[in-house]
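Scrolling down, you'll hit the structures one after another.
Look for subunit A in each of the two complexes below; its partner is subunit B in the first and subunit C in the second.
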Partner chain A sequence: MDLSILTSYTFLVVCFGTMILASVAGMIGAVTVLKGQSLIGDAIGHSSYPGVIIAFMIGMALDPVLLLIGATLSGTLAFVLVQFIDVNSKLNLDAILATVLSAFFGLGMVLKSYIQGHPIYVKVPQGGLQNYIFGQAAFIRLVDVQLIFVVAIPSIFLLILFYKEFKLFVFDEIYAKSIGLSPSMMYIIMVLMIMGVIATGLKFVGAILISSFLIVPAITAMQWSNRFNRVLLIAAGVGSFSSFIGTYLSSVYAGMSTGPSIILAMSCIAFLSMIIGPHGLIASKIRRREFLADN
Partner chain B sequence: MFSQILLFKISDILDYNQQMLITLLITGIACAILGCFLVLRKLSMITDALAHSILLGIVLAFLITKDLNSPILFIGAGLFGIFTVFSIELLSSTRLVKSDDAVGIIFPLFFSLAVILISTFARNVHLDIDIVLMGQVIMIPLNNIEILGIIIPKAMFYMLLMLVANTLLISIFFKELKISTFDPEFATIAGFSSSLLFYALMTLSSFTAVSAFDAVGAILVIALFIGPAASAYLLTKDLKMMLLVSILFSVANTFIGFFLAMKINVSISGMIAAITGATLLLTVLFNKDGIITAIYLRHKNKKEFRHDLLIMHLGNHQTEPDAELELGFDTIKDHLHWDQDAIERRTTRLIDQGLVFRDQTRKIYRLTEKGQLRYNMIKIDYGM
Partner chain C sequence: MSQNIIVKVEDLTMAYNEKPVLWDNDVDIVENSRTAIIGPNGAGKSTLVKGILGLQKTLSGYVEVMGQPVKQVQKKIAYIPQSNSVNWDFPTTALDVVLMGRYVHLGWIKRPRKKDLEKAEQALQKIGMQDYKNRQISQLSGGQRQRVFIARAIAQDAEIYFMDEPLAGVDKNTEKVIIDFLKKSQSQGKTSIVIHHDLNTLAEYFDHLVILNKKIIDQGPMQTTLTKENLAQANLGGWLR
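Showing the complex of A and B:
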């Protein structure tokens, strides 16, 4: 155990950033998972990749803010496309998601290979672009953490502001509609929040794995409680705790990228919760035994 | 010496680009025909999970064999894909999570483990995550193996193998697959196991994904499986036709993507994936129930209705005493509430069709004999 790392500046910056990101993602993810939209995040995550490359091509530099805007735009475009195809065809949502995510990511690959071979871009250092696929703590700067704050705080604010509306929207969309709540408005707010998390999280976790920041803590939380407010809080807690563990592991062991390490920690907690949680495997086994003994 | 004479090289009959293109075409077709069943069974996102998680299978098998070209790698990764599907099924069968969520939790875990294993244990090895995701189409012809005296690119051989296996499964068990896809309950009653067929399908998907992985990368695998099948699903109502159309889509996507990528010198697999998405979007827009088609039909119906209206108006008034007023060259527009341009356009059209003529003596539009027949027809059609 190397505890001195816990006080190093880089560690603190990265750790703080991922913890905030993961707790916000956990809460927003809980809304999407409860709404049955968990794989949307996966599609948006993959689809933000071409936006990052285009932003790089326009800015000719790895400007975090510009890349954030690029990622947000292409992710949003992918979401709009998914919704458009969903409304205008008989295709299943998962077939649409699979095609859109691979097409967008493929476009990203095309653009990436284009700038690799292009004389104009050769002079600009592109090493950092790689990190947007898997995330790399070593490349996190203070400005990236600041960006998380700029995006995460309004997201949380939206969630608190529309807390009641979200609760209704998640559990009883028809009733919500009947009292004058517009579902499409709620979807727009939801997607805005998802986009915020994904775009800021790309550099930490990468385009491929960012969706699990939304899904895994939410699933973990749902193993422990059936109440909306508790699920939100537990998801936030699980997210930030896993981020701490994951960031620590990734700082101590060379080669362990931040994103995968955090997800490893998250998944362990999730599976543990499925086993020992109040609805988990052990609990249901005990209940079954008691039931059989009573009869 | 003897084997030297019998040796036959694929590269003797196909040049470098042809070897790439043909391998891609075979890969596309092998994926598309399985993809049809995956799309129909709503399992599309399983391919996403497969594509990401067999990386862990490859890494684990590699750590055991220490040889990237070993067939054990292929088998190990394929089995791991089945294990992934099994884990997802198991997790959703506990009812602790929904099946979508099970996909979303299993594959990031496996993928994360693979990324960590590669970067800690297999760093110096030629097992680049980039290549895994994006493939190396350009390297296909360089990596040859000898099978029964034929020297053939490794990727081409494996994909041919999978194409044959997939075609065999689909043609032998076509009826069973069809029934268990469209009516699983009936399949169970009829006495064959849906879950056995499910795992047969998944086994082939997994091995197809593993073989395709090496050549085209994880992301294109998803596009090749789902894109053509999804487009075909929109255009056909019959399973056999759907299989055929999906093959056509796959071939077209591959051709366009390949030549476009070669022309501007960019990632071939990325381009094919992007083109696959584009053709699906076009199919959504332009198919029989698509939005563009709907707009076109609405426009066409409107036009036809106006022509009918004009004929009705002429038929109703041409024998009446007010015909000069109602049907006059200059006055008809006030009675139909159309502007002069529209009148000119529509009457010209009907005159060309021989339904209407200009009665120059009375200065009115009138129906011809053919127009009169049409007038009677319209009256019947509209129930008047």
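Showing the complex of A and C:
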């Protein structure tokens, strides 16, 4: 085991970035999962990829801020498209999400192969674009981590500030509306936060797997607690711990992408929790047996 | 006889996916009444209540509660949705759900205080649920969930209760607790508007009636409104034993 890496500057920067990102994503993800909207993150994640490529084509450079703007715009466009189709058709939301996310991601892949070897772009290094699919710690710069902070701090602030409103919005939207709390406004805040996490997390985790940052810590946390505030905190903790493990593995072993390594760590914790957690399989079986014995 | 009208609805028309559900309805709810809304499936009972409360878009019409637009009196109106309209697996306790009844008084951002917590506990006590206050809501029975919803309305300190089928799927004991609560509220000057589905208990539980089948068939005091002709007209004729 190589521990010297733990003090290297690159490792610290990347590790810090992914840990902050994952804790924010874990909390926001818990809100979306409990709201029954976990696929929204998946759709926005995939759909942000063509924005990255188009921003590169326009800017002719791998400028993190420019690519982030591209990712946000195309993620937003996809989201608006999903909403538009949802309102104006009788299709199920999951079918619409699947269609839009694959169409956008497909466009991103086509554009990426188009610019590879194209005479106009051949002089610009494009190796980094690959990393927006799976994430790669080795390409992370300080500015990428700074961007995470720009998104993470306001997101946490909003969650704490509107904690009570979020709770009511997630649990009982119609009652919320009856006392004058606008569900559409809460929904917009939620989507903005998802968008922020995805746009800044793409380079670390990649477009394909970024949605797991939102979903996996949340379902893990739900195996351990039945209090909303604790679920949020546990999700944040699971996210950041997995990020540490994943970033370490991908830094030590050359060729291991950061995103998949983190997700693997996260998923191991999730599966374990589903089995041994106080609200997991074993505990439920025991409770059911006790209930049957009592009645 | 002069009775105050606490909820006044004029020419209310509502549609679902461009298909009209309610046409041009006028409804008057008498203050301090226990009013039941009945009608066959798909008659638009829930839609009417949602339209009155501004929870669903209306195509036309005018609604006034306590002489004001609904948005002005939200604190005074407690809405009790159908209990299957929420996710009961949400990680929280019975007491926490009841505490949500205080949110309307707190406004944005502010957290519940000790006084709110006390009100929530008292509300649970009034409905016989104090022993379940720390129970995870997924572990409550159908009747207990309905009582938690009623307790939330009590904690809200409202003047008017709108309930969407509060007796659906509850045990006999809960049914009695809820009806006792409605009667007690009436003695305290409050008004209840309840969507109901059991014609046999109608006259016993309520004193005013609104019969709806996309249009208002009839409305008024129970004795004069609950007639065979009215029920037949609402396609409810066969239901009465």
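In this section, the second predicted complex is superposed on the first by the 286 of 295 C-alpha atoms of A that agree within 3 Å, B and C clash if a C-alpha of one lies under 4 Å from a C-alpha of the other, contacts with A are read in each partner's own complex, and residues count from 1 in each chain.
Keep in mind that, in the parts below, a residue touches a chain if its C-beta (ideal position, glycine included) is under 8 Å from a C-beta of that chain, and two chains touch if they have at least 3 such contacts.
None of these values were measured; they are calculated from a predicted model.
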After superposition on the shared chain, which partner residues are touched by A:S182: those of subunit B (first), subunit C (second), both, or neither?
-> neither
May I ask you to decide whether A:G36 touches subunit B, subunit C, both, or neither, giving the answer as first, second, both or neither?
-> both
Identify the partner contact of A:S8: answer first if only subunit B is touched, second if only subunit C is, both if each is, neither if none is.
-> neither
If touched residues of subunit A are counted for subunit B and for subunit C, the larger one = B
Answer with first, second, both or neither: which of subunit B and subunit C does A:G108 touch in the superposed model?
-> first
Shared contact residues on subunit A - subunit B and subunit C = 36, 222
Contact set on subunit B toward subunit A in their complex | 39, 42-45, 47-48, 52, 94, 96-98, 100-101, 103-105, 108-109, 111-113, 115-116, 119-120, 123, 129-130, 133-134, 219-220, 222-223, 225-227, 229-230, 233-234, 261, 264-267, 269-274, 276-278, 280-281, 284-285, 287, 289-291
Could you please specify the touching residues of subunit A with respect to subunit C in the complex?
-> 34, 36, 161-165, 167-168, 170-172, 174-175, 177-181, 222, 225-228, 230-231
Subunit C residues touching subunit A in their complex are 50, 53-55, 71, 74-75, 77, 79, 81, 85-87, 90-93, 96-97, 100, 103-104, 106, 108-112, 136, 138, 152, 156
Can you list the subunit A residues touching subunit B in their complex?
-> 33, 36, 38-39, 41-42, 46, 81, 84-85, 88-92, 94-114, 117, 130, 133-134, 208-209, 211-212, 215-216, 219, 222-223, 253-257, 259-261, 263-264, 267, 270, 274, 279-281
